[in-house]
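Multiple structures follow.
Next come two complexes, and both contain chain A; in the first it sits with chain B, in the second with chain C.
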Partner chain A sequence: MTDTENSVGIVTPQRFVFDEPIALEAGSELRHYELVVETYGELNSDASNAVLICHALSGNHHAAGRHSPEDAKPGWWDLVIGPGKPIDTDRLFVVSLNNLGGCDGSTGPASATHDGGDLWGPDFPQVTVNDWVETQRRLASRLGISRWAAVIGGSLGGMQALQWSVSYPDWVDHCVIVAAAPSLTAQNIAFNEIARQAIYADPDWRDGNYLAANAQPTTGMALARMVGHLTYMSADRMSDRFGRDLRSGSFAPDSSEAPLFEVESYLRYQGEQFSTRFDANTYILMTRALDRFDISDTAKGDLCNAISEVQSDFLVISFSSDWRFAPNRSKELVDALVANGKSVSYANIESDGGHDAFLLENEDYLAIFSAWMKRVAA
Partner chain B sequence: MTDTENSVGIVTPQRFVFDEPIALEAGSELRHYELVVETYGELNSDASNAVLICHALSGNHHAAGRHSPEDAKPGWWDLVIGPGKPIDTDRLFVVSLNNLGGCDGSTGPASATHDGGDLWGPDFPQVTVNDWVETQRRLASRLGISRWAAVIGGSLGGMQALQWSVSYPDWVDHCVIVAAAPSLTAQNIAFNEIARQAIYADPDWRDGNYLAANAQPTTGMALARMVGHLTYMSADRMSDRFGRDLRSGSFAPDSSEAPLFEVESYLRYQGEQFSTRFDANTYILMTRALDRFDISDTAKGDLCNAISEVQSDFLVISFSSDWRFAPNRSKELVDALVANGKSVSYANIESDGGHDAFLLENEDYLAIFSAWMKRVAA
Partner chain C sequence: MTQRSDLEHIIEWVPNESRVLDLGCGEGELLEALIDAKQVSGVGVDIDISNIAKALNRGLQVLQQDMELGLDNFSAKSFDAVIVAYSLQVLSQPHELLDRVADIGNEVIVSFPNFGHWRSRLALLLGGKMPKTRSLPYNWYDTPNIHFCTIVDFEALCRELKITILEKRTMGPIDVLSSLWPNLFAKSATYRVKRQ
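Coming up: the complex of A and B.
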C-alpha cells in the first residue's frame, strides 16, 4: 500500500468555542475554552458511525492525514486510521481533538485567560481524565453525536476510553483500550515525578512563568523527554538498535560532556526535538492527570465494582515488551470485565516495541484491531 | 543476632600513599595518588586469607563496622561482612578501599593535583575498571598480599571482581560476582546518560568546576540520584511500599510543585540526601567507568573467549526482580564459564528488592553466600 492509497489525505483542523462554563474535578471553574478538532470520514444520517480518538501525553488532534502535501509526516495514528485501516474512514466518522490543557491549539496553559488577557501559565487549572470526558461529551453534542460507535485510545488515551465507558455507559457502544492501565503504579508515578523535577530544575522554568519572561525551559523539557522516551522503549529493542556502538568507533579521550555511545546521541536528539515543540506547563498537567487517574477511585479501589455498570463491547490490547503499562495491568482490567460478565476481547501482542508499540507497524496488532473493528456497525 | 554480636566493631580507615606513577587505560598518567582503606580481621602468617571487597557506584571503603559508637549506620555491606557472616572476619582478612576517582578520601576529582595545588575537578582523568584492578593490585603488594583468597563485589564491584579473574588469573582463588553483568546494555547506558545530563544541566555544575567556584550542583545530583535509585528498586516493591498513597490523604488543590504522592516525597528525599554527600565529578566518572566496562572487549565481543583463561572458583548471584542488571545478564556469564569448563555456582535469588537486593537481608541469599564461602580456605 502506498501512503496515498489508504490515507485520509489532506485534513484541516477546526476550532470549536465553548462559552458554557465547566466545573473541573479539581475544584476550579473554566468559564470559556476552545478545542481544536480534526474529523475524518463522513458522519452518517443517524449519526451512528462516530468514533472518538483520545490522545496520549504528547499527542494532539492531528491523528491522521497531512495538513499539506509537503508535510514530512502524517498524523500520529495514521497507522490505524484511514480507508481500509482498522479505524476505517470509508464507513466511520472519526473525531480527534487536542485535549483541554493541551498545547496544540486547544485552551491550555499557553493560552490567554481571556481575549487580550495574560497567559494562564502555571495558573491553568489541573485537568483530569474525567474533565476530558466531559469536554469530549460537549464536543459530541456540538457535532450532533449522542452516542459513540466506539471510543478508542492508547496509553493515557486508553484511560479516557475506559473512563467514558464507566461515566457514560449508554454513550459507548465499543471501547478500545490499547497499552493502558486501570491506574498508574508507584513506579509510573516516580518516572513522571522525575520528569517534572527535571523541568522545575531548569532556571528558565521560572515557576512556570517562562512564557511571560519570553523564555523556555528547553533543557528541563529535553531531560523530561529523555526519561519518558526511555520508558517507552524496550531494553531489547534498544540493544538491537544501539547495542554498545560507539559514536566515533573508539573510546576517544573524554571531552567531558560529549556522548560516547550512539544511544546517548539518540536520546539527546529525542530530548532536543521535543523540548521546542511542547509546552512545559502542559507536560506537567498531562503527567499529573496520568498520576491521578485511577478508574477504581469511585469504588474505594475495587476495580471489579468500579466497572460493573459498563455496557460497551471491549477490545483490550497490550504489548509483551511494554514495561511502562505492562501486559499484567491490561490483564487486571480484562479479568475485572470478565468477572462482571462483560464482553471483552483481549490480545497481548508479541512485540519488542515497548510502550511505543501501539504506534508501530505490527502485523498481529493491525490484523486483530482490524478484525475486531468490523463489529463496529456503521 | 544483635548488632554487636556479629559486628567487626569500631574500625579506622588507613591512608596509603602511592608515589609510583600509574598509566591509566584511557591514556593519561597519574603521578601520585592515595587510597583510603579499611581492613577487618587478621592477615594470617602466609597471607593466604586475604579477601578484597570492591565497591559499587556510590560505595566506598567503609564496608563494615562503625567509625564510632555513635554512628547511626554501619558500613554499606555490614550485612555480609563480620564474625560468623558470609565473609567471616573470624578467619578472613578483609580489605576494602575507596576506589581511585572516588570522593570519600581516595584521590579523585575533589583532590588537589598536588600538595597545595588546584583541585582536579573535571580534569581528573577517566578511570576504568582495569585501572581499579591495577591500583588494587598495588595495594595488595603494599599489604604483603600476593594472592587473594577471594575477590568479591556487587554491581560495579562485581565487574571489578570479574576483571580481576580475567586480568590476573593466578591471583584470584575465588571470585564472587553479585548483581552484576558482563557489560552494560544500551538501556543501562541510557539511564546513566540521563543522570549525567541532569548534572550537566545544573547551572552550578559550571562545566565541572563547581568546587573552585564554591558551588555544588545539588539539584542536578538529586535528579541523577532519583533516576539511579528508581532503577535500583523493583516495581513490585515500590507498589507494596508506596502504592498510590497520597501525602495529604487527598488530592489537595495543586500547589504546583508540591508532591502529591508518597512515592514522590520519598524520591525527593533520596535525591536530596545524596546530593550533599557525593561529588558530582566522581559520579560522572563512575558512570562512565560502568558504561565502558565490557569484559569481552579484549576478545572482540566474544564472552566465552574473553574468560577462557580464568582460574577462580566462581559464585554468581542475581536477584529475580533486578531489572538494572537482570538475571539473564548473570546467566550469560555463567553460561560462558560453564562452556569453558570452569568451576561456577549460580543462584538466582527470589526477591522483590530489585538491584538493591544485594544490600538487603534475605535468608536464601545469606545462606547460599555463607555456605559457598566455606570453601574459601583460611
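Coming up: the complex of A and C.
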C-alpha cells in the first residue's frame, strides 16, 4: 500500500479554546484549556458520521496524513484512517485530538497556567480517562456532534472508547477497542513505575521543574522509553528483526571497537528520539492515568455490572503476541459483554508484533477492521 | 461441503425472534439466513480468522473462539437455540461439547454427515480404504473430520447424555430410502434435541 493513493493528504491541526471550567475527577479544577485537533473527511448534514479517535500513551492528534509533503512519516494511525481504509474518510468524519495533559499542543504540564504566567510543570493537575471523555464530549458539542457513529482507540485509547460507552451510552453507536484491557495488571503498572523511576532518577528531572531550569531529563526519558518500547514488542519479532547481529565493533580480541548489538542500537535510538520529542511531566501524567483506570471502579470491581448499561455495538481486537495487553484481558471484556447479552464481535489476530501490532500492517487485522466498520454510519 | 440440505431444516426449526448461538458458524451464511427468515438475534463462533472476516462483512456479530477450549463465557440457558451444524465431527471431544451446549441452549440443533451411509460402508468393506465421497473429499490423514459417527451412534450418545431427541430429519438422494433406513441411506442427519 503506498500512502499517497489512500491518504487523507496534507492536514492542518486546529486549536479549540475552552473557557468553561472543568472539574477534574481528582478534585481540582481547570479554568481554561485548549485542545489541538485534526479532522479528516466531511461531517454530513445530520452529523451522523462522526468518529472519535482516542490516542494511546504517547500519541497525539496527528493520526493520519502529513503536515507537509516533506514529512517523513504520516500520522500514527495512517494505517487504518484514510479513503478506502477501515476508518474510511470517504464516508466518515474523523475527529482526533491531543488529550488534555498532552504535550503536542493541547493544554498540559508544558503550558502556561495563564497568559504570560508560569508553566504548569509538575503542578498540572492529574487527569484521568474520565476527564478525557468529558473534554472530548465538550469538543464534540463544539463541532456540532451530539452522537458518535463510533468511538475508536487502541491501548489507552481503547480504554477511553470503553469509558465513553459506559459514561455516555446514548452517545456511542459503535465502539472499537483494540489491544486494550478493562484495567492494567500489576505487571503492567510495574513497568510504568520503572519508567517513572527512570525519569525521577535523572538529575535534570528537578522534581518536575526542569523547564523552568531550562533543562530536560532526556537520560531518564530515554531509559523510560527503552523499557516501554521493549514491552511493546514480542520476543519472536525481536529475534527476527535483530537476532544477535552486531551494529558495529566485534568480539575479536584484537578489535579496536567494542561490540554493539543491533538491538542495543535500536533501543538507544528509540529512547533518544522520544526523549527530545515528549514532555516528561506528560509521560508521568499519562502513565498515572493509565495505571488508575479501571472500568469496574464504579461497580465495586464487578466488570459485568460495570458495563451493564452500554448500548454500543462493540468490536474488540487483540493480538496473539501482545503480552502488555494480553488477549485474555480483551477476552474478559468480551465475556462480560456476552454475559450481558450485548452486541460484540471479537478477533484475536495472529501476529508477532506484540502490543505495537495495533499500529502495524497485518492482512487479517485490516480485513477484520474493514469488514466490521462497514456497519458504522451505514 | 457440497450438500447442505441441513440448513433448510435448521431454518425451519429456529423460532421467530429467538436468540441463537451458531457454533462453528463459518462465513455466517446460516446466521444471515436466520436473521432474514426468522429475525433472530444471533451470535456466531468460529476459530478461523478468515471466516470471522467474511461473517463480519455480512454485518453479523461473531466471536473468534476455539469452542474446544470451553464455552464458559456462555451461561446456562442464555440462548433459545444453539446450532452445531456440520461441526461435531471435527471436534476432539464432541460428547463434551454436546453435553455443554445442552445446558447453554434451551434447544440444540445438530447436523452431521452420516458415516453409516452405504457408500462409506462399501468403500471400507470392499476397498479396504477410508471412504472418500463428494461431500467428504478428504484423505484419512488430512481430514478435519476426526470423529465421524453414524445416526445410530449419535442417538446412543444422546441417550447417554440424557438428551431428548425432539425431532430428526435425515437427508439422502432418495427420500423414501433415507427415511426408512436412515443409517444406511441418509447422507446427513439433523436433530433438534433438548436436555429435559
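One rule holds for everything that comes next: the second predicted complex is superposed on the first by the 366 of 378 C-alpha atoms of A that agree within 3 Å, B and C clash if a C-alpha of one lies under 4 Å from a C-alpha of the other, contacts with A are read in each partner's own complex, and residues count from 1 in each chain.
Keep in mind that, in the parts below, contacts are C-beta pairs under 8 Å (C-beta built on N, C-alpha and C of every residue); 3 or more make two chains touch, one makes a residue touch a chain.
The structure presented is a predicted model; accordingly, all values stated were derived computationally and were not measured.
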Partner chain in contact with A:264 - chain B first, chain C second, else both or neither: first
Touched partner set for A:29, first chain B, second chain C, both or neither: neither
Contacts of A:251 with chain B and chain C, given as first, second, both or neither: first
Contact breadth on chain A, by residue count: chain C or chain B: B
Contacts of A:19 with chain B and chain C, given as first, second, both or neither: neither
Which superposed partner A:372 touches (first chain B, second chain C, both, neither): second
Partner chain in contact with A:349 - chain B first, chain C second, else both or neither: second
Contacts of A:335 with chain B and chain C, given as first, second, both or neither: second
Contacts on chain A seen with chain B and repeated with chain C across the two complexes: none
Parts of chain C lying in touch with chain A, wherever the complex brings them together: 19, 43, 49-50, 52-54, 56-57, 59-65, 73-75, 78
Touching residues (chain side chain B, partner chain A) in the complex: 26-28, 122, 126, 183-187, 189-191, 193-194, 196-198, 200-203, 207-208, 219-220, 222-223, 226-227, 230, 233, 235, 238-239, 241-244, 251, 253-254, 256-257, 259-261, 263-264, 267-268, 271, 284, 288, 291-292, 294, 323
Interface residues, chain A side, partner chain C - complex: 313, 331, 334-335, 338-339, 341, 343-350, 364, 367-368, 371-372, 374-375, 378
